[in-house]
Amino acid sequence: MSLEIIAQNIMNPVVLMFFLGVISVFLKTDLDIPQPLPKFFSLYLLISIGLHGGYELSKNGITPDVVRVIIPSILMSVCVPIYAFFILRLKLDVYNSVAIAATYGSISAVTFITAGTFLKELGENYGGYMVAMMTLMESPAIIVGLILLTIFAKREKNSRTNWIEVFREAFLNPSVFILIGTLIIGFTTGENGWKSVSPVFENLFRGMLAFFLLDMGIVAGRRLGELKKIGVFLIIFGIVFPIINALVGIGLAKLFGLNKGDAFMFSVLCASASYIAVPAAMRISVPEANPSIYVTMSLAITFPFNISIGLPLYYTLIEKIWRVG
Amino acid sequence: MKAMKKIEIIINSTYLSKIIEVLEKTGSTGYTVIKDIVGKGERGIMRGDEITDVFKNNYIFTICAPEIASKIIENLKPVLKSFGGVCIMSDVSWIKY
Amino acid sequence: MSLEIIAQNIMNPVVLMFFLGVISVFLKTDLDIPQPLPKFFSLYLLISIGLHGGYELSKNGITPDVVRVIIPSILMSVCVPIYAFFILRLKLDVYNSVAIAATYGSISAVTFITAGTFLKELGENYGGYMVAMMTLMESPAIIVGLILLTIFAKREKNSRTNWIEVFREAFLNPSVFILIGTLIIGFTTGENGWKSVSPVFENLFRGMLAFFLLDMGIVAGRRLGELKKIGVFLIIFGIVFPIINALVGIGLAKLFGLNKGDAFMFSVLCASASYIAVPAAMRISVPEANPSIYVTMSLAITFPFNISIGLPLYYTLIEKIWRVG
Amino acid sequence: MKAMKKIEIIINSTYLSKIIEVLEKTGSTGYTVIKDIVGKGERGIMRGDEITDVFKNNYIFTICAPEIASKIIENLKPVLKSFGGVCIMSDVSWIKY
Amino acid sequence: MKAMKKIEIIINSTYLSKIIEVLEKTGSTGYTVIKDIVGKGERGIMRGDEITDVFKNNYIFTICAPEIASKIIENLKPVLKSFGGVCIMSDVSWIKY
Amino acid sequence: MSLEIIAQNIMNPVVLMFFLGVISVFLKTDLDIPQPLPKFFSLYLLISIGLHGGYELSKNGITPDVVRVIIPSILMSVCVPIYAFFILRLKLDVYNSVAIAATYGSISAVTFITAGTFLKELGENYGGYMVAMMTLMESPAIIVGLILLTIFAKREKNSRTNWIEVFREAFLNPSVFILIGTLIIGFTTGENGWKSVSPVFENLFRGMLAFFLLDMGIVAGRRLGELKKIGVFLIIFGIVFPIINALVGIGLAKLFGLNKGDAFMFSVLCASASYIAVPAAMRISVPEANPSIYVTMSLAITFPFNISIGLPLYYTLIEKIWRVG
């Protein structure tokens, strides 16, 4: 990986806003983006990629490319939490292992979105169906995590997992719902639909991402203080594990013949960790796990790593491998 | 004016629905909720992180007759045990026109 | 009315967002657009149509078209609450009859706005003065309603209507004020003024409407659960009464020689029911009426009906009648 | 430290000004308001609907001397009667430096 | 159930950190904060002006054992003297599972 | 100064929105732009001018123009609070004198921003480094004010100024931080960076300013009621003192050879008074001063004066003087 591509990734206003947020915490500036603005930015970003993805899908229809990417997506979203769990069990109790495993088995939409702008900057593209894959990969890790919990935890009777609630949390959380909904809207309304809303949902995209990443930076910065409580093992896990997942993802992408852009976005999905949907689900279903651990890992270690070094790293690898074959 | 109990609960926002369930099934006639508040307790600082809703509290209180109050408290205990949070009770007079 | 035109109306992202909101409630996804975002969207929409309407007026000045539309507007805003009241009294007490009558006698700005985008999609237009008519038609129903109350209700002394408060609520509520204010600003600053702010107040219009309708969908969805308490009479009223009002409006429009676009917008104003200004005023002046009834009718029955089936229905009728002569 | 009364009112947000009027004219020295809260009572759920402000509550409390408290309560009763809402009173000590 | 004290403070939002400092150093085990509230007192109306944060209050309360309560109050007095605000104390029972 | 240029300044939607806000308070319309929207608009405006200023700087690098403007900027930000203090002491106690002096010694970003759009309307421009000057001029007045306090106030021991806290408040408050941060981001990411975010941070600028000024108008309108408590001396001070500062600023600008656009922006900085950063700092460090006085002066007198009459006044003077020599 050349330093140039790292620099190119970091030296754009959107990613720099994230680090500006982090720095603001270190300097104790009281900078704050109060609720519900972050919720608005995040909703905006989800709707944008949903509508855009749906529109892209409507242009090309169901191509072989779409079919090719489904199997590796399902595979990774089921397998990652399982191997994560067994690695984590080496050092942690069952509850925290389940929560962290589910966190890393799922995905981060904002990492995906940032990867998309990175790719576009390089003049490349990805299929609209990748948004569908992202949606597909958000929920299974929650279910897999709770199955692991049922198998390995000895819990009291009255704290048995309520599976109906679990499935609802997993598949009907707001972000999955809004993604599916806007994908369908984007798909059915096609070009006319997209044109009518693109002044908001396309043109404002980077600016809104800048706002959101500024806030992410602030929140991540606040959590950095908790890294020492988390310990070296988990800090290393938070960096190395995403790389491993990306590598496995790249391997599968090659195996299933994805094109370069899709392979990159897929590897980013594999590498990213959830910090909205999964933590909420874990709080409900595994209250014994400490949210300070899994949220901090995802938000203050893995997310910054991915958007700064991860993206160019995965891209460089894919560049090399796809050029060869 | 009627002697009543006020029960106040501060709990992580994720668990609000569990508290309301208890209040509804134990015959409370009403309750009030203040959302998105912050604080510090045994389980660390709830700073109201903007990205996840996981580090935010809710404040719920209900005014009820003493006999209902003890029923509510019995039913709240297991919830508090599983999910944490603080619960206090005090004496108030309900003003009726 | 052809199915095609209904489909064309519904199959656009903005209207679909409304139904996405409704569905999210049925699936219990916890999707939520927290305050004050909906207030912001609604403020944005009012400012946009105010400035734009003012600018349009400044282009053409006071034409005969403007004069032509004033009388039917005043007529309808005074008469609708009166005949609504007597119809409602067949089944309801005085208080609820007054509140519902005022609700339907007034207008819904978002229905008007959605109608405007529908019209534009069809390549047609309406006069900027229609925004002024909308403003004009917002308040009288409140006054008429409270006059009916004074005549027909036997209230205790100390709950007598405070007419100063009533007039303030009716004519100086935020939405009337902002509409009048921005109409004047748009009018006085003309083309230069409009150009300088149109990147926000024109280009973002549909996107912001999409956000607002998503929220409207959520709120309407939550209120659908209360339909059974409302009873069949009022549910039917919530659909049939707007149609009647639209028909009367279309008749008047023809009589007074409005052009097609204006006639359509006028019929939509007649058909629409208030859910912001009037409920607030009713809460203050008629606390005896049950807001669950009048808000639910307006928000969960009439609004969805109007933006999905009402708009193409009224348009088709006008198309037919205006073609004839 | 002085023995005082705390009067708490939860009422639909539309009527906040009526309550404040009563407080001002009955000689309360101050009050605190928390806006945009939700709850459930006799008049149904106040869910904090985002479109209308009609389904939202306000929480107001005032600390006052016992003799003022009874005056306030007398004046609040008709407001509560017309517009609904809950009013409670309790004992507190006011800490003065 | 344990007899405890509830200390409630309403103070201009600018001074929140001063209050929390006192609570932390006097051994309170936790506290809850409701931000962005409004009110009226000796120092005029705090309307919650949108541009500056200067005219906004915060509401903080802490539940603590009586002996800690008096320590907290001793330490709060100078803060209240410099910066204004209201502080009250009342009796509550803490429900422990 | 011709009336024409005043009219031209006021007759634009953005400035009129301010007065619409003021009027809404007089008519008691309950119009309100709830938090955190105003915070969002203000953050947006700061980020926009930061990024844009940084980008402009990156185009031209450090030119003699930049160097020329630094000395007068520092000079004014140190001297204004000093002479303000001694003028104010004629009528007021030390505490309020310090607070008001600091308020007028610092700057108002929104006045600067409004001046920028005024200038652009006239087809003129200012250097990106003026944003840096604005940032530079925000903090010193706080420090100078507190030095004056230490010299002239006899305070009790335990209320001694905490200088570390003071410097933090002065130099690391959110608005200074975000301006410096985005200036650097704009500078380092240059043209590509700016292009990628300009659909949000350039195109939406006036619309967002319109929203913010509407809110400023509401807040200023509410404070107008407190003018009578403030007294004639301070009301006059709030209008005359900015003019004096502008004149001194114009003199220095001429002396140091600034170009016309920069001179105008500099004079506006001198004339403007803070209402966000300084009041917050004063509340912490000088709790004895009455915020109703200094905030009201800045927000309800000086700000409206500057954006309506001040801007064209200063501009006309500069026009005349620069034409001569």
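Points to keep in mind about this one:
Which chain is which? They are A, B, C, D, E and F, in the order written, and residues in each are numbered from 1.
The working rule: a contact is a pair of C-beta atoms (placed from the backbone, for glycine too) under 8 Å apart; a residue touches a chain by one contact, two chains touch by 3 or more.
Since we're looking at a predicted model, the values are computed, not measured.
Following the contact convention of this document, F is the list of chains adjacent to both chain A and chain C. Minimum number of contact steps separating chain E from chain F: 1.
With every chain reduced to the mean of its CA atoms, the largest distance from chain B is reached by F. Ranked by how far their CA centres sit from the centre of chain A, the chains are topped by D.
Averaged Cα coordinates give chain A a centre that lies 34 Å from the centre of chain B. If each chain is reduced to the centroid of its CA atoms, chain B and chain F end up 46 Å from each other. Chain B and chain E have Cα centroids separated by 20 Å. Looking at chain C, one finds that residues 33-37, 39, 203-204 touch two or more other chains. Of all residues in chain D, those touching 2 or more other chains are 34, 78, 90-91, listed in ascending order.
Under the contact rule defined at the top, the touching pairs of chains are A-B, A-C, A-F, B-D, B-E, C-D, C-F, D-E, E-F.
Contact residues of chain A toward chain B in the complex are 33-35, 37-39, 42, 158-159, 215-216, 218-219, 222-223, 275-276, 279-280, 283-284, 287, 291-292, 295, 299.
Every residue of chain C that touches chain F in the complex is listed here, in rising order: 35-36, 39-40, 43, 47, 51, 168, 172-174, 177-178, 181-182, 185-186, 188-189, 192-194, 196-197, 199-201, 203-204.
Every residue of chain F that touches chain C in the complex is listed here, in rising order: 11-14, 16-17, 20, 23-24, 27-37, 121, 203-204, 206-208, 210. Looking at the complex, you find that chain E touches chain F at residues 12, 14-15, 36, 44, 47-55, 78, 82-84. Listed in rising order, the residues of chain B touching chain D in the complex are 1, 4, 6, 29-35, 63, 90-95, 97.
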